[in-house]
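Below: a set of structures, written as structure tokens.
In the two complexes that follow, chain A is the common piece, with chain B as its partner first and chain C second.
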Partner chain A sequence: MSAQVHHAKPAPVGGPLLNAVTLTAGVLIAIMAMILLVRFFYGLGSVTHLNDGYPWGIWIVVDVMIGSAFACGGFSVAMLVYIFNRGEYHPLVRPALLASLFGYTLAGVAVIVDLGRWWNVWNMYWPWSANPNSVMFEVAICITLYIIVMWIEFAPTFFEKFGMNEAKRRLSKIMFLIIALGTLLPMMHQSSLGTLWVVLGQQVHPLWQTPVVPLLFLLTAIITGYAVVLFESCVASSAYRRSIEMHLLTPLAKVMLGIVVAYLVVRFADLLWRGVLGLAFAATLEALMFWLEMACFFGVFLVIGTAAQRRNPARLFLGGILLMLGSSLLRLNGFLIGYDTGGGYQYFPSLTEILVTVGMFSIEVLGYVVITRRFPVLPREAAHA
Partner chain B sequence: MNSRREFLKRAAAGAAGAAILGAGGTASARETHKVPPGGLGLLYDATLCVGCKACVAACKEANGNPPEFNTVDHLWDTPLDTSGYTFNIIKMYRNGTMETKDAETNGYSFMKVSCLHCADPSCVSACPVSAMTKDPATGIVKYNPDKCIGCRYCVAACPFGIPKYQFDDPFGRIGKCELCRHRHKDGHYSACAEVCPTGATLFGSTADLLAEAKRRLALKPGEKTTYPRGRLGEAKAPGVTWREEPDQSYEGTVGNYQQHIYGETEYGGTQVLKLSAVPFEKVGMPKLPPYSSAATSETIQHTLYGGLVMPVAVLGALAWVAKRNVKPEAEEGDRS
Partner chain C sequence: MSTSIFDLDHERFVVAEERLHMPRREFLQFCATVAATLGLPAGAEAAVAEAVATARRPSVIWLHFQECTGCSESLLRAEHPTLEKLILDVISLDYHETLMAAAGHQAEAARKSAMAANKGKYILVIEGAIPTKENGIYCKVGGQTAIELTKECAADAAAVIAIGSCASWGGMPSTVPSVAGWDSSPTGSAGVAEILGKPVVTIPGCPPNPYNFLATVVHFLTFGTLPATDKLGRPLFAYGRLIHENCERRAHFDAGRFAMAFGDEGHRKGYCLYKLGCKGPETYANCPAIGFGDAGENNWPVGCGHPCIGCTEKGVGFTKPIHTVAKMLNVAPPLQYPRIDEPIGKGASFASAAALAAIAGAAAGGAAMLARNLGLSHQAAELEKAKEAKPKAEA
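Presenting the complex of A and B:
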């Protein structure tokens, strides 16, 4: 069978759970917990710089929008393996899925923390409160379903750990449906995360306000998915002193660059078609941020544009970071930098706000370390280092 | 084997492409909604406003909102903008020596800032839990705190910056003008219009208010005309009988109006209308297209997800492809 390529079965990495990384993450999480306590007793205004001109800050734009884009590795790789039948990438699926699982679960947690009236959140799933016209309604339902679907997709890892072979066998029979759902749902909500700003109308700068924004978000989500896999594979290899899966990452980077080209074509065709490209040459903060965003997508070709460059792990790592940054800037620019409701409002996150975002990412790091050390996620090393 | 693989790839790519391209389709483009026939609203005429702010105080009282202090002595309510606790405010335009009222240069003027009750409100389209709704009969944009999850998408969406959140309260709500609908059952209408001493703020049906606005724009600046106060005409709201009021109209001088009724076309029309002698952009009213962003947003959403047709079709295609590529457990056994 075409997907049947020989590769190592996943195995726990092993090693101590208590080390400098997990300890630091633990401290940062504790700090976040204290800040959140204040937030729940004294309101959002007590720990954030949110205001009526910028009702969404970094908890939404970074933790949810960017955080969930970073969590697209699982979806991007699974799509490559199971939909486009590139079985050779199979060893990348589990680690990518794990990062996605954490990314999305925490995006969900971050939303609850940011909700001003969180105790009413059940209305989101209450049919008599549903508003199918609302982009956010669609995003919320899709993300909730996707988190459930991902836990099911990841369940074999736990089944293997606890020797539940019968459960694993049964699940594998319907796995194709779970994988199909796990591909469809992120396509839906990652594009809709962009559609969220369409209703904001002319408050969003024309360099970002466009009816094709769902396509821009979808493409950058897929790109970020692959970029994160490059980034994580390099970090995991260096942190765990494992050999790097260059035979997979090099061709993966080429696939990723192909999508970057498609993205840039759509991005500039849209700007030209709407006749707003001229705004990119105005002396404004928005124009500067636009070119920073573009520099990431163009710059990646200087870093890993040639086949030889793509065989260099350091370059793949850097290329991954560049594209993660570019996709982050698209989201940051549309929702915060290029958003102006008028009335002279200002927003820059407070220290406590930043520490909560740091804490959220720390949970991801801690969870990733604990699970990869104790559960079969990363491919087994031939010779244990 | 290779040809089948090619075929599957194309099938998947085709399905994904169809889903994406759907976004560009305009087949089911949704038109911007119109003001309902019985829509209620306000007419604010800046040339009649004397800046007494009786409406600001009355609004606070009617909605049970606390004062907000922006002076050192904390003597009285001094909000600088609408907020989660201030649903209505009179802002001032100042230029040069400020000698003449309603003059663009060396003059001053006023502008009422409160919810315009859009025909096609962004906040209603944005709200994921139907906490923000538009009343089908009166067109009032209503807020229900018992449904609201506090996501503040309405705050971000409104082109007028109207819904505001109470950030200082752990149980904070969204605050905005609801045309005093809670007072309608007692025969009271919007408190701001009820107390306005000059009739600068009038309450009525948007159709009547629009006719009145057009009447004023047709008059010659400087001539005399009769200005109503309080409520204009028999604005009808289901189950509501307005309290009896004496005729409060008076004779006044016609202002030097801009030939523009703000809210007649802005954003597809609003139920609150405004007249001014100073250009609207100068007094803080945004220049907006004659359609609502809610229509654009919902066109995209319903093109992609209408009846769940596209998602189900794509899911079918993906499942079909995945079924062939995912190895069942038995075959996977020999992999290790």
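Presenting the complex of A and C:
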């Protein structure tokens, strides 16, 4: 926190709220709302291709699993700044936290939307109905807590906007506790999301079903967190015509690559140790998808492998996208493509399912635009611009 | 305390053995059976054994009114070898018109002296319905009507137990003739609670299972209180569940396998008797759980192939015709059933595949444009830097 003083204070970007991006997002959200109306009146079967063999589809795998991994930027950066005491990254915390906030809140909403009997959801929080032995329960409680924690973590932004200095001062006294929780909780549930594959057992293809999958999920969540920060910084600077914080992103990319190396070591050691690497060379869809996933993680070294490459924002942007894609493929492969409950069941998302997922991401974009334009999130631009 | 049950040479049990003329093993078996009937937790049989062995035998006054003595018979004729000994020894049966040797005024005197000697401590058991029409003149003992006797004996009783369906609510004698103009039974038969104007413990059944009665008494002996009851006064340990819930033929009901006529293939195969009029779905009793007559499994009406007539349930037994189909109390069939041909999912449709392709294309295009712009501005910045640092003109 000591380094905070030297950074530019966050400030609203300003500018019009109504533009091509927000308008498009608004239309997509309206389409989603209409589909969800049908879903809540006529049930999941009316708008999804879910069936007994595939009780979850892209609403869970993309909106929740991938969406929450994308939302790990806040936690990854906070961990770097507060746990490893790298104060220089502090200006990245708020924008990263904002993306996380939307990612997680919408993941929570997506879960409710996907629950067949959503009106029973309160049982989860009712101690007499809760089943503490369930992985899902751990994930649900942890994510709920984390959403609350993140809103508190992000609250100073609103306090500053509305001039509630006293509230901000009081909150800052216990902020260390909130930040610690905000680091612990995602580590818990991101790994637990991986534990689901352990529980699913043989239904998940051996290339993904492994006892170490909680560690794989945790590592990729952190990697994705940094990748999203790269992606988001590049997009924000491009969209708002701001200078990019290259002095932060370049070293951040190096940290990220270090974790990618650790991840690949664990990933392949596990495949070799379990003796299933041979399956990656079979002529199957799963093997193809496995190599696509791996290509993303290895490809990133071609894009931003050298120090010179890491100084180029275009390459950082592409590197970020590659790793986001890799982590997404990991989740998509294990939860849908390499997931087979037998009995000839198959699944491909319906158009309406896709449109709802698109709508969910549109809310994130719209929210990000509105909040960065009106609330102090991004660092104030230096006078020279 | 719970370990004392293993101490078979304990003085109390030796005394009980002599008193009851039964081996200690059998005595303890009986205690365990009663504890299990009551649904007491493991270890409670020790408390029961202690209570029974210490011979704090409560005095019991047993009145008979409009009945067939089936309840008494079922208690005495139980197949368990020494059950009747226990009945006569667990309780001190001071007045029982069928069993006592005394007769006439001598018998009435015995009742009055037992009531006086155990004032406020005796248990009053009533078997049979109580006629109320014409001031109850249809049933008299020793010149007193059943109503008068009930009120007199209940006044100083520690507990009142109505045994059998007749005493519980009127039972068979209270059945209204199916003739136009009748709205009550010819003698206006009523249950004990109605006469006393307050709830009493009822052990309905025609006859009731002797263990349900014994367990109620032993509960009183062991804990000093009567067991918890439902709103009709029936002990919950015995009448807490529908017969349908624990029925051994329940699986046939759920699978839709029914006997359609006596002696048909389904009946011979032991299918569900619901369609023959079995009242199990609307009758609360533990018959399927403990059976009758200590004769082993399946020895109860449904087990023997006859539909339950609902004898423990007011408004069902002796009221509904035996072969009328029962009303389902707690197993309302669902409004819809899951499909049998569960769909196994569809492949990609043109629309969804096209949408995905469009999104992927748009994302790739957008990313490429953005990367290109970033690259160009990077190049420009590098050039700027190169210009400033003249010696390094290479970009």
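Heads up, the rule we're going with is that the second predicted complex is superposed on the first by the 378 of 385 C-alpha atoms of A that agree within 3 Å, B and C clash if a C-alpha of one lies under 4 Å from a C-alpha of the other, contacts with A are read in each partner's own complex, and residues count from 1 in each chain.
Simple rule for what comes next: a residue touches a chain if its C-beta (ideal position, glycine included) is under 8 Å from a C-beta of that chain, and two chains touch if they have at least 3 such contacts.
This is a predicted model, so every value here is computed, not measured.
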Three-chain arrangement built on chain A, chain B and chain C clash or fit: clash
First (chain B), second (chain C), both or neither touched by A:N131: first
Touching partner for A:I321 - first (chain B), second (chain C), both, neither: second
Contacts of A:D52 with chain B and chain C, given as first, second, both or neither: both
Which superposed partner A:N85 touches (first chain B, second chain C, both, neither): first
If touched residues of chain A are counted for chain B and for chain C, the larger one: B
Touched partner set for A:Y240, first chain B, second chain C, both or neither: neither
First (chain B), second (chain C), both or neither touched by A:G343: both
Chain B versus chain C as contact partner of A:N312, first or second or both or neither: second
Which of chain B and chain C A:F158 touches, first, second, both or neither: neither
First, second, both or neither for A:F301, with chain B first and chain C second: neither
Listed stretches 113-121, 239-247 or 365-373 of chain C, narrowed to the one that overlaps chain B: 239-247
Overlap of chain C and chain B interfaces on chain A (superposed complexes): 51-53, 343
Sites on chain A touched by chain B in the complex: 1-4, 6-9, 40-46, 48, 50-53, 55-56, 81-85, 87, 111, 114-118, 120-121, 123-124, 126, 128-138, 140, 168-169, 172-173, 175-177, 179-181, 183-184, 187-188, 191-192, 195-196, 198-203, 211-212, 214-215, 218, 339, 341-343
Contact footprint of chain A on chain B as seen in their complex: 1, 5, 8-9, 12-13, 16, 19-20, 23-24, 81, 83-84, 122, 125-131, 145-153, 155-159, 161, 164-173, 284, 286, 288-289, 292-294, 296-298, 300-302, 304-305, 311, 314-315, 318-319, 321-329, 331-332, 335-336
Chain A residues within the chain C interface of the complex: 49, 51-54, 234-235, 238, 244, 312-315, 317-318, 321, 343-351, 353-355, 358
Complex contacts: residues of chain C adjacent to chain A: 342-349, 351-353, 355-356, 359, 367, 370-375, 377-378
